[in-house]
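The next part holds the structures, each set out as structure tokens.
Here chain A shows up in two complexes: once beside chain B, once beside chain C.
Moving on, here comes the complex of A and B:
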């Protein structure tokens, strides 16, 4: 009974978090007439799947989702693979180079995308990476890398160097101490960075819009925007149906990875 | 460990897949001399279901009939097309055939990104589209002449969508295409319909510039003047008329629904169906939403836009252009000529609920029927004239940075018309100056 307020607060929070998803579901199942009611209904009076058939019939949503998933997975994994050793170096070797590197990371976050999109586009064109998914992965990694590096070096710093020194005393080489002692403690940080990079890439629109022209390589955000017209007018039903579908791959990814995040956090807590 | 392995494997598979599916250079690649068909990319901004279907169908028909010139249909988005094109023009990878609207062409033409089609237009296509529509896409070519930088094919006029029950109950004269309301009659009708919590009219003014500038031509309001080669902003008595009349409906007559003021074009529709107001001035394309969404039994009619000293309205055209860097401009022009022939324009206009520029298309029974107000909408095309602001280099920046916030403040009753006029002119001229150095 004493926990009742806590449960109530938790329930309210869950409802708050679930609101966008429930609204999407409700909208996706409504007829155009019901969507235009001045007093919106939560539960569709005459549920219809027409919005789903329209959305899937008109656009290659499954293909676009598969491509987005591929790009987001590749971008997130490559980001972590590149940033992990760099983050270790930044955290453990302090000096002028380190300071410059950190400064670069911070400065790189200051530039607006629109400022660098044209030179970047020209570089990609010269590398014949325009209109290709690997080109988009390169761009996403480039833009995710600085923040991922920043995140990971914080996690590395949280691992006491004394643990590595203790391993060295026990005869472990530096590589061995990194692999056996530091890496397991970094698991939650790696997972969090993966999630960050995945979300950044999954949602990214502007670079994909500029780089991808061939309809056969377009990603999900480019496909979703096709349900919108000028001055904010949108085909709300098919857009909601398509957006709902677009959340599924990322939900699955999160469901898989969140267990690792949880166990990683626990491992870090015990060993710390 | 299993998770890590799975992620690593997924990444490898994804990269491999990405590498495999990412072919193509994005531009027009092969040439007919190698025996391969010429490939053309067509960036289309169609977004309504029927319009997308019509676009795709015409492209499919073309591809079947022209095995040597294959067109790839690429769907874009109105909200982002200019950002996309700026980058792709700079990178030399823009689509061969580009769908846009006429206000966007001036800047791209001045920067040399669009091809002058003046000498490439087939006589049949040129003759089927009235000069007034060609004027919307004719700009200074930078060499002392005038170039044609697109083919205009769909136009939008302003009409009034009315709740028939409230219109009949007010016992006002129902305007016709031949005899539209004057602005005075429009204001009187709105006042008569304002009672018992119902407003006469709703002005959705989230994006007020195009709507007010196009209607300002009713009184000869041009907002820009050019003298001695220099263009400046002008807000005189002609320009003030429509601004003042809309403001009066909002703040003096109180016959305009204040809730609609900050809304986008389609946002007031739920309140319209509920009978909260009777008249909704809007672009002709909004009829599509009303036809699709209006509840059973809701009766609505399309009325012509109001008339000042004339019924003229500013015209903005949707256009097809050819990129200057296109490797196949002749083939692109052939495709455009087919895509925009009379029968095809009728299909496109019907799909987008807009007005065709083609005279052949305008006589198509599908877009002259009384159903859904097509007759009124199509008749309004005769009042469309080239909007003077289309020719003004820097108009887009003036519209975004100066006119939109100033008009929003004015219609919200926060500043006077004198203040609004002063800011439109002074701040506007500073913007224009940069474009005329």
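Moving on, here comes the complex of A and C:
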């Protein structure tokens, strides 16, 4: 009984968190007739999966998902490949460069994207990369890089340098010791960083909006917005169904990474 | 030093000390290089370019002769009513979302830290908004706020077009902002709570301190570094928010939810005033750095 207020507060939070989700799910399962009722119903009377199939008919969801997948895969792999050595250097060497690198990681979080996105758009336009997926990959790599560096250098720091020193005593070259001693221990961190970069790219909206204006090359978030129509008039059922489908990769990611979240990913913003 | 000098011990590494330092530096640069090149080309470069653009009349069109105009963009900005309304909306948005996010997350973190039943469910649920694409969050809340098919009007028995109402649109998107950012703040605060040594509470209990006193004198001071870090980050993210509000209202009705980033986006990519929009970005950066600097400085002084 003493705990009653606490349970009430918990219940209030759960309702606040869950009710938009439940409404999304409910809307996705409704028929157009039920949607038009004056009094909306929580539980669909005749649940249907038609909205899911309709969603594919209304927008090029398969193509958009394929493009998002390609961009996210390319961006995450490139991000990790180029930030891994740099993260190693940040963790293992001290010096001015190191301080500048850390300072830049912090600064890059503070500056409004608009200050970067306008010149970047102009550069990409001159390189004929606007409205292309490689153009978007370049942008996504640039914007996931700071945080990937930050995550990875944390993981490198967690590997005791003594292990490398021991390998050096045994006559291993630095490269050799990195490959056979450090790399295996870093594997979980690399996977986490890959997933982080993948999801950031998969969810990213603002840069995609600026870089991709042609519907034929739009990624999934941009395609989802097209469901709302020019005047905000939308077919709500397919919109809800498509939204749910777009969330699945992120949910899988969080199911995998959930245990790590609390400790490691303090600033792991998956920004919009 | 003299002891080692007399002994001709074979050095473990082939190089003498001074040369090893320079080799290390070279190695470090080599390792940094693959990340350094794209960072300089596509991040630091554009940032500096963007700052320079703020002082020109650049237009976001090809073949436009750009010339240096000094502070003209700034004076134009400071005399534009649109800028001040956007600035005011941005301030209300960032401060209220950050504050509400923090308070809600602190409450939730304290609850999840207790031995309550169902806290597992609440914990999983708390992470869900974090896992959703921001665009989906925007669309989902559009469904909730929908004037006809939305659940909110049905629940409240009202007939309001939440996102199109002049006085309700901003509060409505603030709720969505809190919903979106709260889980992340909660997870961070929860991690902070779990890092507080139990002995402190036990000592407090022995001294007969009430729950409230223990919270005020142990939890809050211990949590302070975490609080400072997460509220600063939340503030920066919130002031730079774009996608969520773009999806929800596109800045409408009548500019009532036009956050500074939406304003800048419109100026740069709809009206194509790249120089003007860059000055807006620069002004926002300076304001954010000033606010944040002041906050962090005060916090640092108080902890000493």
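The working rule: the second predicted complex is superposed on the first by the 199 of 272 C-alpha atoms of A that agree within 3 Å, B and C clash if a C-alpha of one lies under 4 Å from a C-alpha of the other, contacts with A are read in each partner's own complex, and residues count from 1 in each chain.
Just so we're on the same page, a residue touches a chain if its C-beta (ideal position, glycine included) is under 8 Å from a C-beta of that chain, and two chains touch if they have at least 3 such contacts.
Here the structure is a predicted model, which is why all the values come from computation and not from measurement.
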Task = Using the touch definition from the top, say if A:74 reaches chain B (first), chain C (second), both or neither.
result = first
First, second, both or neither for A:82, with chain B first and chain C second = second
Query = Which partner does A:122 contact after superposing on A: first (chain B), second (chain C), both, neither?
reply = both
Ask   = After lining up the shared chain so the two structures overlap, which partner does A:227 touch, if you call chain B first and chain C second: first, second, both or neither?
value = both
Request  = Counting touched residues of chain A, say whether chain B or chain C comes out ahead.
outcome  = C
Message = Quick check for you: in the superposed arrangement, does A:145 touch first (chain B), second (chain C), both or neither?
response = second
Query = If you stack the two complexes on chain A, which partner ends up touching A:95: first (chain B), second (chain C), both, or neither?
reply = second
Message = Going by the contact rule set out at the top, does A:108 touch chain B (first), chain C (second), both, or neither?
response = second
Ask   = So which positions on chain A get touched by both chain B and chain C?
value = 35-36, 38, 114, 117-118, 121-122, 125, 205-206, 209-210, 225, 227-228
Message = Under the stated contact criterion, what part of chain A meets chain B in this complex?
response = 32-33, 35-38, 54, 58, 67, 69-71, 73-74, 76-78, 114, 117-118, 121-122, 125, 128, 130-137, 194, 205-206, 209-210, 213-217, 225-233, 235, 238, 256-257, 259-260
Query = Taking the complex as given, what residues does chain A use to touch chain C?
reply = 3, 6-7, 9-10, 13-14, 16-21, 23-24, 27, 35-36, 38-40, 42, 81-83, 85-86, 88-89, 93, 95, 97-98, 101, 104, 108-123, 125, 138-139, 141-143, 145, 149, 168-169, 174, 202-203, 205-206, 209-210, 220-221, 224-225, 227-228, 236, 239-240, 243-244, 246-247, 250-251, 253-254, 258, 261-263, 265-272
Inquiry  = Which stretch or stretches of chain C touch chain A in the complex?
reply    = 12, 24-25, 27-36, 38-39, 42-47, 49-51, 53, 60, 62, 104, 107-108, 111, 114, 116-119, 121-122, 125-137, 139-144, 146, 148-151, 154, 179, 183-184, 187-188, 190-191, 194, 229-230, 233, 236-237, 239-244, 246-247, 260-261, 264-265, 268-269, 274, 277-278, 280-282, 284-285, 288-289, 292
Request  = Could you please specify the touching residues of chain B with respect to chain A in the complex?
outcome  = 3, 6-8, 10-11, 13-15, 17-19, 21-26, 41, 43, 47-49, 52, 72-75, 77-80, 83-84, 86-88, 90-93, 95, 206-207, 264-266, 269-271, 273-274, 276, 289, 292-296
